[in-house]
Structures are given as structure tokens and as C-alpha cells.
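Chain nomenclature is as follows: A, B, C, D, E and F, assigned in order of appearance, with residue numbering initiated at 1 for each chain independently.
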Amino acid sequence: MRPSGRNPDQLRPIRLTRGFTRHAEGSVLVEFGDTRVLCNASVEDRVPPWLRNKGRGWVTAEYGMLPRATGSRTDREATRGRQQGRTIEIQRLIGRGLRAAVDLEALGERRVVVDCDVLQADGGTRTAAITGGYVALADAIQTLLDKRRIRRNPLHGHIAAVSVGIHQGMPVLDLDYAEDSEAETDMNVIMNEAGHFIEVQGTAEGHAFRRTELDSMLDLAAAGIDELVAAQRLALER
Amino acid sequence: MRPSGRNPDQLRPIRLTRGFTRHAEGSVLVEFGDTRVLCNASVEDRVPPWLRNKGRGWVTAEYGMLPRATGSRTDREATRGRQQGRTIEIQRLIGRGLRAAVDLEALGERRVVVDCDVLQADGGTRTAAITGGYVALADAIQTLLDKRRIRRNPLHGHIAAVSVGIHQGMPVLDLDYAEDSEAETDMNVIMNEAGHFIEVQGTAEGHAFRRTELDSMLDLAAAGIDELVAAQRLALER
Amino acid sequence: MRPSGRNPDQLRPIRLTRGFTRHAEGSVLVEFGDTRVLCNASVEDRVPPWLRNKGRGWVTAEYGMLPRATGSRTDREATRGRQQGRTIEIQRLIGRGLRAAVDLEALGERRVVVDCDVLQADGGTRTAAITGGYVALADAIQTLLDKRRIRRNPLHGHIAAVSVGIHQGMPVLDLDYAEDSEAETDMNVIMNEAGHFIEVQGTAEGHAFRRTELDSMLDLAAAGIDELVAAQRLALER
Amino acid sequence: MRPSGRNPDQLRPIRLTRGFTRHAEGSVLVEFGDTRVLCNASVEDRVPPWLRNKGRGWVTAEYGMLPRATGSRTDREATRGRQQGRTIEIQRLIGRGLRAAVDLEALGERRVVVDCDVLQADGGTRTAAITGGYVALADAIQTLLDKRRIRRNPLHGHIAAVSVGIHQGMPVLDLDYAEDSEAETDMNVIMNEAGHFIEVQGTAEGHAFRRTELDSMLDLAAAGIDELVAAQRLALER
Amino acid sequence: MRPSGRNPDQLRPIRLTRGFTRHAEGSVLVEFGDTRVLCNASVEDRVPPWLRNKGRGWVTAEYGMLPRATGSRTDREATRGRQQGRTIEIQRLIGRGLRAAVDLEALGERRVVVDCDVLQADGGTRTAAITGGYVALADAIQTLLDKRRIRRNPLHGHIAAVSVGIHQGMPVLDLDYAEDSEAETDMNVIMNEAGHFIEVQGTAEGHAFRRTELDSMLDLAAAGIDELVAAQRLALER
Amino acid sequence: MRPSGRNPDQLRPIRLTRGFTRHAEGSVLVEFGDTRVLCNASVEDRVPPWLRNKGRGWVTAEYGMLPRATGSRTDREATRGRQQGRTIEIQRLIGRGLRAAVDLEALGERRVVVDCDVLQADGGTRTAAITGGYVALADAIQTLLDKRRIRRNPLHGHIAAVSVGIHQGMPVLDLDYAEDSEAETDMNVIMNEAGHFIEVQGTAEGHAFRRTELDSMLDLAAAGIDELVAAQRLALER
């Protein structure tokens, strides 16, 4: 029995609210149950120095957590003067994931930054950020298409992410904080709509996991991603 | 005529949503029109080193702006490695304002941090933060009273803040971004419920302002503060 | 009775020593009693990046305190690796104040930096810095006029600053450290020679202050500024 | 055909030189072909603050690259004032991997830091660091056993790591820089001697990879890890 | 002929003004011609962590240069966020020099920090700082003796410093900026009153220098130090 | 008797291994007994901003110490976020020393960076770094001559460095850690092949040293440098 009463293969309620703030080209509040992440995609007409004059664009992500998004307050990274290792690891993962959905040449020499700020955390913030960030990115790119600043849609398919793990010996989908904090294995999976892998990151927290356990987790992830892509489609059609 | 069509002495629609996130002891989303600031008050059972063993507590504030809270994206301060001068100036102002509402001895040796994070900016973020931060602070202190960890309520009255300015020669209340960016004078006023001053910060942006202009602005501020205190009362009664 | 024996409306002895060091275009040691601040104005033939090619100049200030300017030694900010919040707040105030005296278009595309370094502190360092910094700025601008690098004097009138406060229930002018550390209200006022306001910053340290108290303090400030402007005139004529 | 002429399932020549420097409790130069990493394990009789008085120890890793370990010089991180995101990601991976081999309670309240410094890079520095770092860690722990400072060996089995990838459509083991820089998929696998997973990190660089490709890569990794564990055993027996 | 018209073995006019500021236990303005350095010695009743409970004290120095102490403005180190290499090198030299004059056990567990801030630079700031810093240190130690907080004078003799160099082929004493900037060799010498060496730092700026040149420079330095020690004695007797 | 059993004028065994790593234009492992420093010289086709378009090149050095190069682990400077004072002092010394061997105009507008990383420390790391760095620099310059990117050899003679000191009252050459940590005087001498001085840095650690002691130390240094230059020649001829 999971702490939340969910079935092993059951996602938390997923909500994707587009236009959550008004300035960003794409602004999506994504909720995986009690995890709430605000994903703002900003389009800038310049690329990082190492990409200049190469005819290609760039997609990157930054991740932050409001100090009291968590059960006890964590120090503000701006005050400490540096981002924590965990933050850097996560924002690099989100950036790699989202870039996998974009034809950077079709984007042209511009940069899209997807800021993922966690308003409330309950496990799975990075997978929520990727899933919601994709919708914000799609909205931002749509503004470029609408203004005819790019001709061809640089998005080549959906990208979504979900966590899977082994909790009390049982493979489960989309862990909340209660499960995550006592899981034996924790895995984040990013896949595209065709069910192929963009990124797989699995870590044994307790004992090492077996190939059969890995296989079960990947099966759960694939099914979860299907539902998340469907939710993204529904949100984007509205 | 003001850009928003408001009367000179008219506030924007004010909303104070308590319990906006679930972890903080006090969590309030404050809206002054399109300006939206999330104020989370956290109680910690320790004080800064210079206050240890003095039988007194501390109230402080931190201020942040999501990178895309504004019309064009601003760099994330955690990435730049330091808070900007403007940020530091604002969070010191919020902290001083909120401390003025609290009897630090009655609070006991604990610290309340009020994190004010701007989700969407349209002028007046610091005054919204103080007005909303007060309600978050009141909620956080109430949890201490409810748990009987303090006996006497350390809050001695309401604190609220509002901006006033001279826009196209006319004194106006609660400037939005359109007004603020072309105001000749900009003043932030923090007052208590008795109509006395906690802090006055007025700056001539264009030409120097006269004593009569100062007087008109302070009259507007006093009336605005009355309305804000009433809104705080209403929110806290719900 | 004030600790120093002064009347409520009496400034400390004011000294403005021009040419205190030999390298800066303007170099003034300002003394408000035992508070001594060295103000060096440097002219640079470039402007900050965001002002380039706009035909306008810039005036800015930096503030520092020698580690042993105070009763007990404070850490050197260069060693700590960052300026304190108080320092940033003060140097922004000085910069805004001095800019209010200058027609930035007449200055042309150049920058004047006014470095205000406190050699000895006894309260009121920021108001001394503004009052003395104005004279250093005037000297630096005069070198540009003398060399015919600008045609029209960009200074449009005097700027001076003074502190006022409520000490033991009585409004007083130009607080020294003994008064400042136990004042109920502390207010810094920057005015021009016409008696109009550039900046007003008043903070209740103890209890909130009333409108009538504010009015008395502003009256004291206006009289004090008159004397300071006279002292500036005298110094500049020598 | 691989650029190096190796078979798809063939490791580069592996060398593990113990006692490479004389100060560290464990000092191993590990070579995976031309990749050379110096792994120094240091024992310290204190734990991080958050672990104090809990009766448990800690194992952590730091990773660095000499500025000219690579084809063109990279800036020294000590000079830039911060570690790059890639560095932080790698050292966190090494630390998690090595901790998985250690019973932290049997280690007692002490910390082992494994410094992995790349003297020469040719792909696979992080997997070499884990494989060599394990041997340095084993040597460091042996000094504690020899001095009878711990009674029970906290190491519960071997840990090794290897990279696998898809290069020109073919799954290959232990990529060198020539392969790595043009691989379509890159995966790092950490396993224990029983063939169970400690960590799996796979990233699509070009197009997304399929489940069958993932399976082939994991098979290659398992065989490679077997050889690496054998090499570790041989080195530790000498 | 030297630019200043001095003889090769002639110091600039030396002035040592004690009590220049009022807060520090020792406060000396030292002038070597147009070079002016304010040396403030502060006594603190604690030692650095690595010296605690060893019954010994510490003497250290910090060096700073006001931004416009020089011909063109240099960035403020507090703003840049770090001290420059040159600054660190100089303050370490001053600290080593002054420590050589003090019996750290007789000082007891306290720290004396000598802050040397250059108000105006014209060459030789580090040697002026050591020579003046010694007098400030002596004054600070005298306050401890006067208050009977230490019994035995920890100062065991005078320390002074001077620069020597080869300018236009000729060995010269106490170089000013005009000479220093075109000297072929630049050497700083710290000696005690007995004419023995505390520190020698000589650098060839143009071509390498010979042993005979070194010898001539050391002879000049020894004579210069004699005069500086006499000036220190005179100042301390007043 | 020296701790190592060496004669007072005896160097430790010197080894210079060229081509130690494969990427750098010059890569030398230098060993002074148990002190081992890897010196990598990198050629870059750009100069620092302040040298641009002046037709001259630049030679600079950076110094680092692996965390466990020493008896007890020192924190990694990249993690601490800044280089220590000692590091900065040393790398500035190495840079000045190596620049003295190079005609910067003949080098053309390019920069050579010599990275000196200490793999194992046993005293004298800075003098080993200069002596080995010279050989790495010579190899890097040779690649420029071989590719005919410069016509004239910018190296004008050899540079080497050695430490001397007073240990138990006796002047000794090339101190190892055991001697260095208890020496009364420590001096680093950089000379060219003609026996002229590039830099002399002597520090009294215990009592001040006399002119006759200085003379003895310089004699020892001159003889040691002769041997080191011979070793450099031999290494470069191989």
C-alpha cells in the first residue's frame, strides 16, 4: 500500500495551467499533486558567446526553489552566493531534456530560457519541471511562429518526464515526498512521445537494484509518460 | 487622467490569499492589481549569533523576483552569485517595517523570516510585500500562540505600506509600472493603524519636490493605508 | 540637553578642505564634528554599458569605511568578498543625491565617480558624504570646464544633506553617534539650495512618529541645509 | 570499426598503480588507456556538521581536472572562483557511487574524502575515477583496520564503473574521446561485483534511444564491470 | 640625477603623525614624501581559530588603497569582490615584518590587526606602511601595558622598511613613483635596529642584477633604515 | 647534520621528465627529491586585454596543489571559491621569474600559460616549479619555432630557482620539508645562467639574519643554480 493510497502505476493528479503569469512568452504552472512548479519560457534574440554566428539557437533551463517550498526553510541561494550542487544537477538535466525536443537550427540564432521555480515541493520537482517546461516552451515557440519570426516549427515531438522507484520492495510510479524519502531506488526517466529514451537516471539509495527491477521500473515509466504526453496535448489544445 | 483610469486617490484591487502554500507557518499571496508577491513567513527556533542569550527574537525579510516576473527577463541572482543593490535595499526596508510591528521580547529567542518572492511585477512590489508580509507574519505568530509556545501576542498593531508619487504634476496613490516609470517623484510610506509613520522614503526622479507636494502625497498615503489595514483585518478574520 | 551640549537646531562644526589629496579631479575632506569623510571625484571618459552612445553621462558614488573608523574594528569588505547591505544602501543614496544636481546631457558621455571613504565615524557619515561629495564633484566638473572639454556647466544648483531625529522626545539637527544610537527616529534629508527635496528617508527606531514630529524635523533640516549650502559656497569661493 | 580498432566489447588497457603519492592513506593512479586520474583517499577524524554525534561516518568525493588535461586549456576553477556545473555533477556521482560500497556505521564518526584529479583526459574520466577511487578507498580503510581504529571492515563488496554508448549505430564499451564526442548515446553505469546496479545515467546526444539499445548497452556494461572488478582484485592483492 | 633632485642615498621627507584618528589603539599617518598611509592598530581579545588555547597572540596586517590614491582610479576591491594578488602579497609582507618585532607569547592570547590604508600613493607604499605600522603597533601595545593587561613589553626592538633600486644604472634609496615605474631593479628591505635582515625582496624589472649591485643596494638600505628607526624613536618620544 | 644526511651544499636528486602528459605544448614533471610538480605550458593565440595590439606577448603562471599533496589534506581552492594568499604569492613569483627569460616582442601577440600543479610536496615547490616550468616553456616555444609561427627564439638564456636557508645555525641548500619547517631563515633565489639575479626573497622565520649569513646563502644558491641549469640543458638535449 502506498502512503497516498495510489495504485503502483498511478500518477498523482496532473494539472497544467497555461498563462499563469503575463510577461513570459510561455508561462505554465504545473502540478503533480502537491508539487507545484512555475515554468516561464523567455525568448531572447541572442545566443551564448560560443554559439554566435553559427546559425543555431539554444534552449537552456534554470531551476530554483523558493526558500519555503519545503517543510523546513532552506537558505536562499542568492543570499548564499552560489547555487547548490543539487540545483545545478537538476537544471542541467532539465535543459538537456528540453533541448532534445528542439531542432536548434530551425530555432535560429535565439535563446529560449525556461525558468522552473518550485513554489511548493512534494517530490518529483524535476520531472514536473520538464513536463511543464515543455508546454511553456511550446507556447514560447508558438509566439515566434505567430509573429512569423521562424518559418518551420522547431519542436519535433513531445518530451515528458516522470520518476519511478522501488518503495518497500514494490516498483511504483511518480513518487511523492513520503515515498521518495524512504525509497530504495529512485529513477528519473525522460522520454519522447514515441516511447524512446532521452535520459535515464537511476540511483540505488539503499541496496543495489537488479536488472529485473530496472525493467519493471522502465515499464511503469513508459506508461506514465504516455499519460503525461496526453495531458500536455490536452493542455495545448485548450 | 491616470493610465489605468483610476482616480488619484484610488488603490488598485487588493487581494490577500492566506494559505497559498502549505509548508510555511504563514503563506500569503498578495495582489496589488497585477503585482503578485508570495509572502511566506517561517518560524525558526534560533536567532542570529549577535542576539544569542539576550531573551529577544528577530524578524527579518528576504526579497526576490522570479527572473521573468518582469517584461524582459532579468538574470537570476543565484546564478550571478550576488544579490543586486536594489534587492538588498528592498529587503532591508521590508525587514525594518515588519520589525516595527513586533515586540521582540515577547517573541522570545526565535527568528521569523518573511520571504517575499515576486511572481509578477507591475510596480509597488515592495509595498505589496510589506502589506502581505504583515499578514503572513500574523499567521506565523498565531501558530506560536496556538501551540502555547509564546504567551503574549508580540504583534502590537497593524503595519501596511503604499507608494505615492507625482505623475504628470498630480499626486497619485499606489503607482503601477506605467506610472512609476515616468513619475517625477516616488515615495514609499509605511504606517501603522494609528496613522503614525514607520518609514518614509521619498525620491525626486525628475525635479526636486516642494513641501506642499510632500504634504499632498502624505495625505494620500494615509488614506490608502487605512484601506490596506482594513483589507488586512478582513483577510485575517476569514 | 543634547549630549554634546548643542542647541536642538545647531550643526556640529563643519569643515570642507579642498585639495586634500592630489590625484583626484576633486578631493575634499569633509568634517561634521568628529565625522571625517574623504570624498574623491574622478572623471572617466566612458559610461556604463547601458548608457553607451546615448549622449549622456553618469554620476555615481561608492562608499567605504576604513576598518577602524569606528569604536570597534569592523571587517574589511574587500576581505569578506562583498559589500554589506548598509554600504550598498548608502552608496546608492549618495549617488541618487549627487545625480540630482547634474544635467547628465551637459556632462556628455563621461562618468564621474565620487568615492566617499570614512576615515573617522561619529554619526552622519552619509549626509557628510553627500555634502562634501558635492564640493568634490563641483571641483571635478570645473576641471572639465577649465580644459574646455564641456561648454556648459552641468551643475544646476547646490545639493546638501543633513540628518534630523527625535532624541529624548525632542527634534534635533545633525545627530552625532551618541544621539544616533539612542534616537527614536532618524531621518536623512537631501535638499537643494531652493529648499526643495531631493530625498527624504525617515525611519522610526523606537515608536512610530507623528505627522507633527515629521513636520518639526523637516523644518530643522531646511534650516540646517541652508547653513551647509552656505559652507559649500564659502569653500568653493576660496 | 571503432576509431581505436577495438572490438565493441573491448575495454582499453586498464592500469591501477597503488601508492602513486606518499601522503594519502590511499593513492592510486588509474589509467583507462590515455585517461589518467590520480585518486587520493584521505581519512579525517571528523564528519560534516549535519552528521555529528550520530555514530556514522561519511564518504565523499571531489573531482578536478588540471587545466591542460585536455586538448585546449580550460580555465582553472580556483581562479574562476567556482566549480563548473559539470564538475559538481561528476563529483556528486563519484561520491554516491563510492558510498554505496561502504557501511557508514562500521566506518565510525570519520570522513573519507576521495580526491580524483584528472592528469590527462581521453574520455571516461568519471568512470575511471570511480573504478580507481574504489581502490584508493580500500587502501585508506585498510590503514584504519591495520591500526585497529575500526574493527569490522566497512567495505561490503566492490564497486566499479564504465561508460557504454551507441557509436555509429553500434553499442560499444568504454568510449574514448574520439568516440564520446560523436556518440549518439552516452551512458555511465556503476555496478557492484554481484552485477547489480548502483547508478545508471544514460543520455541521448543525438536521437532518442530505444529499449533494445538500452538493453544491449547494459549487457556490455555488465561484462565490462566484471573485468574491472577483476583488475581491482588483482591490484589489491599485489 | 634623480627626478626629485635627491642624492642617491637620500630619503624623502619622513613624517609620522601619531593619534591621527581617535578610535584605534594606535593610529599613525606616515608620509614618505607624497606617499601617505594611514596605519591603524586594533587590539582584539581573541586569536585566529588555529591559535586558540596556545597561550600566544598574533599580529597581522591588512592593506588597502583608496580608489583614487593613484593617478587614475582603480576599482574598489570591495566592489570587485576580491582582493588583488598585489594587495595580498603586500599585506602578507607587512604582517610578517611586524610579527618579527613582537614576542607573541608576551602578547598573550590577543590579536593586533594593523590596517594600512593608502590615502595617496607615490611609490613605496609597502615600506611606508611597515615603518608607520610599527609605530601604530607600539602605541597599541603601550595601551595594553598602561592598563596592565600585559606585564612585559612584547616588542623586542624596532622594525623599519625601505625600498632601494637601480635607476638609470645607479643604486638609489627610497624610490618615488617616477623612479619606481622605470627602475631596472626594485628591492624592498625590512631590517631591525641592529641592522639585521627581516626580509629582503628584490626583483629585476629590466635585466638581471649582479651581486655587486645587490651589495650596493643593501648598503643604501642599511643607512636608510638607520634614519627611519631614528624617526620612529623621535615620534614615539613626543 | 641535515635530516636527509645531505651535505650543506648538496641538492636533492633532480629529475626533469619531458612529455609527461600529451596535450600541452610543453609538459614536464619536475622532481626535487620527493617534491613533484607537473608543469604544463600552453600556447594561446591571444593576449590579456591590456596588451592587445601592442605587438607583444605575455608569459604567466598558475600554481595549484592537489588537496592531498601534503601530509594532511588541504581544502580544494575551487571548492572554497578563492585562491589562498600563499598560492597567489607563489604564482606571481613563478610568472615574474619565467617572464625574465623571454623577449616578449619576439614572442608576438600570444600568451604562454605555465600551469604548475604540485602532485606531491616536500618543500621547495615554488623553486621546483620555476626550474621545471622553464623547461616546459622552452618546449612550448620550440613548437612555435618548429611550425615557423615565430622566427626568432624569444628565450634569452636559462632561468632556474632554488631555496637556501639557515638550519640549526648552518646555511644549507635546497631545503626539504623537514628542514623548511624549522629553518630560522628561508630564501628563494631565481638566477639566470650568467649567475645574475632575477629575484631574491629572503625571510627571517626565527631571528633576524646578518649580512654574512645572507652572503653565505647567496653563495650556496649560485652553486645550486649552476647545477640546475646543467640539469635543464641535459634534459633539453635528450
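The rule is simple: contacts are C-beta pairs under 8 Å (C-beta built on N, C-alpha and C of every residue); 3 or more make two chains touch, one makes a residue touch a chain.
What you see is a predicted model, and the numbers here were worked out from it, not measured in a lab.
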Shared chain contacts [subunit D and subunit F, defined touch]: none
Distance in touch steps, counted as few as possible, from subunit C out to subunit E: 1
Greatest separation from subunit C - chain, by CA centre: D
Type of subunit A:subunit B copy interface by residue overlap (half), same or different: same
Computed distance of Cα centres, subunit C from subunit A, in Å: 51
Whole-Å gap separating subunit A and subunit E, where each centre is the average of the chain's CA atoms: 59
Distance from the mean Cα position of subunit C to that of subunit B, given in whole angstrom: 28
Multi-chain contact sites of subunit C, meaning residues that touch two or more partners: 81-82
Chain ring listed from subunit C, with subunit E in second place: C, E, F, D, A, B
Footprint of subunit D on subunit A - complex, ascending: 82, 85, 88-89, 91-92, 96, 100, 187, 191-192, 194-204, 207-211, 214, 218
Parts of subunit A lying in touch with subunit B, wherever the complex brings them together: 21-24, 27, 34, 36, 38, 40, 42, 44, 62, 64, 66-73, 76-79, 81-83, 87, 113, 115, 117, 119-121
